[in-house]
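Next come the structures, one after another.
Note that subunit A is present in both complexes that follow, paired respectively with subunit B and with subunit C.
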Partner chain A sequence: MHDAAKIVGGLVLFAAVMTSPFWYNALTAAPAAVPALDPPPNGSKECVEPRAYMRANHMDLLNEWRDLVVRTGQRDYVSTTNGRAFDMSLSRTCLDCHSNKAEFCDRCHTFLAVNPPCWDCHVEPKEAP
Partner chain B sequence: MGAVISLVAVAGLALVAVIAVAVGDLRFLIGVVVPGIAFVVFVVGVACRVVRWGRAAVPFRIPTTCGQQRSLPWIRNEELDNPSGPLGAIGRMAGEVLLFRSLFRNHRVELSHGREKVSYVASKYLWAAAMAFHWSMLVILLRHFRFFLDRVPAWVELVQRWDGFFAVGVPVVYLTTVVFIAALLYLLLRRLVDAKLRAISLPTDYFALYLLLGIAASGVLMRHVEKVDIVQVKAAIAGWASLQAVTPAGVGGWYFVHVLLVSVLLAYLPFSKLLHAPGVFLSPTRNLANSNRRVRHVNPWNPPIVGRTYAEWEEEFHDKLKAAGYPLEKE
Partner chain C sequence: MDASRRGFLTIAGLSLVGAAGGSTLIAAIGEPGTAVESLPAEPPGGGRRLAMVIDLRKFGHDGELVERCIRACHRAHNVPDFGADRKNEIKWIWAEDFESTFRDEEFRYLRRDLQGKPTLLLCNHCDNPPCTRVCPTKATWRRPADGIVMMDWHRCIGCRYCIVACPYGSRSFNWTDPRPHLESPQADFPTRTRGVVEKCTFCEELLARGGQPACVEACADDEIVFGDLNDPGSKVRRLLAEHLAIRRQPGLGTRPEVYYIVEDPRTLAETAPAAVVPGAAENDHV
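Let's turn to the complex of A and B:
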């Protein structure tokens, strides 16, 4: 092979870059466990919408709530599943059950490197000592 | 015609993924096994191709020269367009790989009907779209490391932050998503609209574009429209990249469409025109320095030259030469 050193060097670099996630995962100390969330501490059993919907789409719901509250002043939300009315409020409704930000919000968000801008405006809930 | 065949092929692949998951429940096959095979085919296939290219003989420097070569000290040479040594060749390759310099010189032939005259016009659109596409694909690839790496390193978050700088929508619409799709659509329409290009386009030209568009579309759908449970997605992908087979659960059909199309792209790459990715590094018209006149290049397969001196010749025909009365040196 001509220019073998350069070509093999390039191929080694290519293979190293391509397999880097495998090396990284193998060499980092403890793998991050897939977050499993605990039920809310206040014993509530249902959210404003079904669990599967909330898991995938909660950011849409929060965005919709924010727009309605801030732009139209509307605060009542009627659940599409059980017809119950809720106050459209992150700090009063959501955080009422999901009171622990570190345990509830941050676990998935850190796992996935998501940085939502919620706490740019809202005051972070104080953790119970 | 090629456009239709390729579209049917990509749509068929997407349909295969949907049916395999919905009817056959082949989540493990499509989510774990197929990507694994595709990845191995990709890495080994590219390596084999490059080795094959590497075995080709390079008897002579054949760089295309687009400027003054290095000659006399008072004549200014063009080091990037006519490299005289390895440094110039590296600079030229960098311009080629990172900035697509020769594509920037792209010209279009135009027949202006009013004047009955053929003219060559600089055409930068292809270059601009190619740059936009390739660079945004790199950023998109880097962003996806958040799924592959167990603990997301800070640089991935940095890429995400700048890519989502304008903070449009939730989840944030990344700039590269928009640029990637726009560039791909331009590259596709360019082939479809221009009759000359349509005539020379093969199914493989369209297949790569449709495949990439399919990957982009399924990704955008998962992120912005039919949202999936992203925690399960990461669990599956990070598990795959830790060599633990985690069957993706509760992530919907689009995920499997995305994964199958990416797998096909990876496995298809070593056998297609997409090999230009490693190929650009091995283009002899770009990566060689123009040292033809300054350095002696010997063709490697030339037979060794067997010399014969006059003395040897005279020795062999000594008697005959003597008989004929020739004057001899050795006497």
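Let's turn to the complex of A and C:
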């Protein structure tokens, strides 16, 4: 063991360099970015279901609405939270409040790199002049 | 000897495969006439049977009203206009002359007022629709509750079997993205996308809100009447009971549900006062 110092020193240096990204992130940690969604421009405070449920499950709810309307002709949705009835329509109900597609739908979908094909056919509301 | 034995086995094997394949094919095709025999005697499903009566007596030769109906429909449903480009043409309701509309009739000496008359054509919403039988994804089906032949554009994969199956040419295919060919899409109704088949839906979205089909709304004087054939008191039933109406290619067994009243306009002039009098008498009593 003539060069123990060099070897050990080299190993320590190697470990430090290799793990530097982890150290760097641990020391300068910033919370994960969360896209900020703008509230409905018409000031509506209440969605068809609670906010947390809609955030997690709106895609399933929309698929369910789609199948009920198109395939069974059923158009009324009764909210499980407040008992109000809604027209199961993306353009008439959802977009009536969330008319800011760019600041609402797109912001989160872009962040998560998902590309739902809704807007291939459904017409997005016109931007306010 | 070996060579002939080998040849014998090859031929025997091929014959077996051929026989098996042939019988499977015959089983798959079925006996001729099975499809017709399997038809129910009555239209399936109870409920309503929505139908349309087009009163050709009230349409002019200039095609003005016909154009108005087409525009109203295509505007309401974001149907793109491809102009003279017939390959890409999308149509829910369109016009052809009378002879082409009823092309299986032989009009050798057709009544003069019907010659070349612009006639509205649309999906017949058949009681026995061939298009729904061939759809591999159930993207089109006959609604048992009201007889509308419905489409689910979410589910259409664009195989175009239904276009081949429909004897009326009522279905169109989106070869290109329709959006650039729409001036200003209605936000209320979706457009379609490339690779999807589309057709008239009897305006089921308007019916659901208590309205009438867009082409019916575009008419001022009951030129097109829409209603329930299962209701004996409905306007369509009354019209069919009082007038001679024809349908397109009824011999195919599709049971089309769009009727065309083709009586002589002079009969209309003669019967019109008689039809008005009872209503006027009622009004007097009230």
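Note that in this section the second predicted complex is superposed on the first by the 96 of 129 C-alpha atoms of A that agree within 3 Å, B and C clash if a C-alpha of one lies under 4 Å from a C-alpha of the other, contacts with A are read in each partner's own complex, and residues count from 1 in each chain.
As a convention for this text, a residue touches a chain if its C-beta (ideal position, glycine included) is under 8 Å from a C-beta of that chain, and two chains touch if they have at least 3 such contacts.
Quick caveat, the model's predicted, so the values are computed rather than measured.
By the document's definition of touching, of the two partners only subunit C reaches A:120; subunit B does not.
Between subunit B and subunit C, B touches the greater number of residues of subunit A. Of the two partner chains, subunit B is the only one touched by A:59; subunit C is not. By the document's definition of touching, of the two partners only subunit B reaches A:108; subunit C does not.
In the superposed model, A:35 makes contact with subunit B only, not with subunit C.
Taken together, the two structures place residues 117 of subunit A in contact with subunit B in one case and with subunit C in the other. Residues 78, 143, 145, 150, 152-154, 185-193, 204, 208 of subunit C touch subunit A in their complex. Across the interface of their complex, subunit C is touched by residues 66, 70-71, 73, 75, 91-92, 95, 117, 120-126 of subunit A.
Looking at the complex, you find that subunit B touches subunit A at residues 39, 42-43, 46-47, 50-51, 54-58, 145-146, 148-152, 156-157, 160-161, 167, 169-171, 227-231, 234-235, 238, 241-243, 250, 278, 281-282. Those residues of subunit A that touch subunit B in the complex are listed here as 1-4, 7, 10-11, 14-15, 18-19, 21-22, 24-26, 28, 31-32, 34-35, 52, 55-57, 59-60, 62-63, 108, 110-117.
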